[in-house]
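After this come two complexes, each holding chain A, first together with chain B and then together with chain C.
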Partner chain A sequence: MASRYRITRAAYLASLNDFREFIKEHCANMPGMNTEKLYDVQLAVDEACTNIISHGYAGLDPGSIILDLEVAYDKLIVSLTDFGHSFEPSSAPIPDVEAPIEEREQGGFGLFFIQQSMDEMDYQATEDGNKMILIKYLSKTDGGRQ
Partner chain B sequence: MKRFFRIRREPEKVVPDLGVISISLLERDATLPFTIRQLNNLPENVKRRVYRGIFPPTLLTRFGIDPIQWTSANKEAMVFLKAEPNSEKVLITAQTSPDPSTEFFALELADNSLNGIELNLIVLNDPTAQRFSIDQTEDGKPTMFGTLKRNLQAEERALGAGLAPGQVRAGLRGSRLVFEQIDTFLSILGHRAYFLEPLTYASAWVFERRGFAYVRGHKLMDDIHREFQPGGALYSCLDDESTFRRQTQANTVRGRAWAIHDGILETFGARWDNIRMVKQIGRHAGVETFPGAIY
Partner chain C sequence: MKTEMQHENNSTIVSVSGNVDALTAPDLANAIVDQISQGHVNLVVNLIAVEFMSSAGLRTLLGGVKAARSHGGDLRLISTNPGIDKVLKMSGFHNIAKVFSSQDEAVASFG
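The block that comes next holds the complex of A and B.
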């Protein structure tokens, strides 16, 4: 049976550390978890939350970000819920990671980092908020299912 | 190896107007939400059956009100439903006697522009408790619960009696029951969330405890908590020069709420407006902006 944990914080940068610590507290000792995977999850949540803070709640007095962790035997499911502007995938620039560093545009790497760090990502904007679901598989080093 | 990355936007936030509720409509997709307007267009007795679901029955029976007939033992109407055809609002009130001053419950739900649901009003009063006229001026003009005008003398008495701003009577202590019932009612209609704008800091705190999160204003609530700590900007404005700004008020939800009602947020350029909260059906958000609070 999966274990579920939740933390809700205001959408501003000072909350990011709370999210990182929360993930560490509940996930560091999961079977199959290691320092690298834990860092991947923290990085993805950092980036997703930064997007919510910078874009989702842009122009608004920031509302909440709800972080849910579902710890199953072979995977970690992370859900981030917010109530700001929904994310428009088509408006997200695709970063040119091959370009020389001095020619690269600033920003735009958030989604890229999330994709690199996690195995699956899903995003929905619904009546009860915007939800990003991130999955990290733990049973194999390549991130795939057994 | 990445498995997949899916980004989608569904369902569309704007729900199509499905028209009048009929058997054939009920047989369609059960996840499509019904609006208040659709319910209000139902025949009177059907509408009454549906809206009966808003009330926790024990809230009525504790006052001797029949939860089906909505009447007292003397067959007098004690619950009143205002749900006009084509209206996007429903107001339900309940009182313990034919005298309207014994009203103990009022709840207004409304459709919003995204076909979501707004909780416009919820009042849960102890009808036996002393009444404080903070809702009207000395000459009887409405104050909109102290937001438009203030009756300072009545407010001082209310504060002294342990009430929060906006309250005319002590609360009924039944909000958990009522919010659980609203969740149930709205899930039957097919809604996943509903929204409200808290009148005061104290009501926002109560809504946090009932599982609400913030659409707007979570950071403001954090700022308020921080600035009420010793040395903070709000704490230093509690100068004991008025009933509404005593230093001990920093330690309680009600105390902070009265100081905010008195305009203390202007100290750091903020105002108590535009706060918006959301309750996801069946979920408790776990927000706690005043850890270890004393009410």
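The block that comes next holds the complex of A and C.
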């Protein structure tokens, strides 16, 4: 039977630690979880929330970020909802991780890290807010994307 | 996040502890820039006591490597946390800067 948990915080950088701690509190002792997978989920949530805070609510009064966690027997489903500007994941630039330092751009790793750390990612912009859904399978031996 | 400085031989060790995220990374950037502006351009950033680092921390370290090299020095890392190692590997950081597993090795690398 799945367990569900929710945390809502204001879209401030000071809230990032609360989201990471929430993940740790509810996921660290799950069957199939290990320190590498836990870091993956914390990283993906941190990067997604940072994007919402820095870009989603840019030019707007900071709204809220709702994190819903569903813990099923072999997977973790994280849903992040915000009410700021939406974005198009497929239009985000892919960082060149082979580039020499002189050619490195300053940013661009956030979405890339989310995709690398989680097994599935979906994003929907609806009238009820923007929703990013992240899934991590716990039965896989590899902590990263296959 | 906390940073502590220590000068040893030909290098300056920046020991970082806690979390390096988008909130705290600017403090690390300031600490690195401060050292370079004081002429300490051979930097060893010790991440052993860091529990979590996001792309914001990575961006700061990349900026630190660029700044140190532009002043004739270098920035090298110490990391033993598997999660942070994965962040470094995903970004190709190992192709850009040297990463060591102990402070002695990192300090010795500056000769």
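What we mean here is this: the second predicted complex is superposed on the first by the 138 of 146 C-alpha atoms of A that agree within 3 Å, B and C clash if a C-alpha of one lies under 4 Å from a C-alpha of the other, contacts with A are read in each partner's own complex, and residues count from 1 in each chain.
As a working rule, contacts are C-beta pairs under 8 Å (C-beta built on N, C-alpha and C of every residue); 3 or more make two chains touch, one makes a residue touch a chain.
Since we're looking at a predicted model, the values are computed, not measured.
**Student:** Just from the overlay, do chain B and chain C fit on chain A, or is there a clash?
**Tutor:** Fit.
**Student:** If we overlay the two complexes on their shared chain A, which of chain B and chain C does A:16 touch? Say first, second, both or neither.
**Tutor:** Only chain C is touched by A:16; chain B is not.
**Student:** Between chain B (first) and chain C (second), which, if any, makes contact with A:112: first, second, both or neither?
**Tutor:** Touch status of A:112: second partner only.
**Student:** Of the two partner chains, chain B (first) and chain C (second), which one does A:43 touch, if any: first, second, both, or neither?
**Tutor:** Only chain C is touched by A:43; chain B is not.
**Student:** For A:64, decide between first (touching chain B), second (touching chain C), both and neither.
**Tutor:** A:64: touches chain B, not chain C.
**Student:** Is A:56 contacted by the first partner chain B, the second partner chain C, both or neither?
**Tutor:** In the superposed model, A:56 contacts neither chain B nor chain C.
**Student:** Please give the least Cα distance, whole angstrom, that chain B and chain C reach in the superposed model.
**Tutor:** After superposing on chain A, chain B and chain C come no closer than 15 Å at C-alpha.
**Student:** Taking the two structures together, which residues of chain A meet both chain B and chain C?
**Tutor:** The answer is residues 144 of chain A.
**Student:** If we count contacts the way the header does, which residues on chain A are in touch with chain C in the complex?
**Tutor:** Its residues touching chain C are 13-14, 16-17, 20, 35-36, 39-40, 42-43, 46-47, 50, 53-54, 95, 97-101, 104, 106-107, 109-110, 112-113, 116, 144.
**Student:** Please name which positions on chain A make contact with chain B in the complex.
**Tutor:** 6-12, 60-64, 66, 81, 83-84, 86-89, 115, 119-129, 135, 142-145
**Student:** Which chain C residues qualify as touching chain A in the complex?
**Tutor:** 19, 21-23, 52, 54-56, 58-59, 62-63, 65-66, 69, 82-83, 86-87, 90-92, 95-97
**Student:** Which residues of chain B touch chain A in the complex?
**Tutor:** Against chain A, chain B makes touches at 1-11, 13, 33, 114, 116, 191-193, 213-222, 274-276, 278, 280-281, 285-287, 289.
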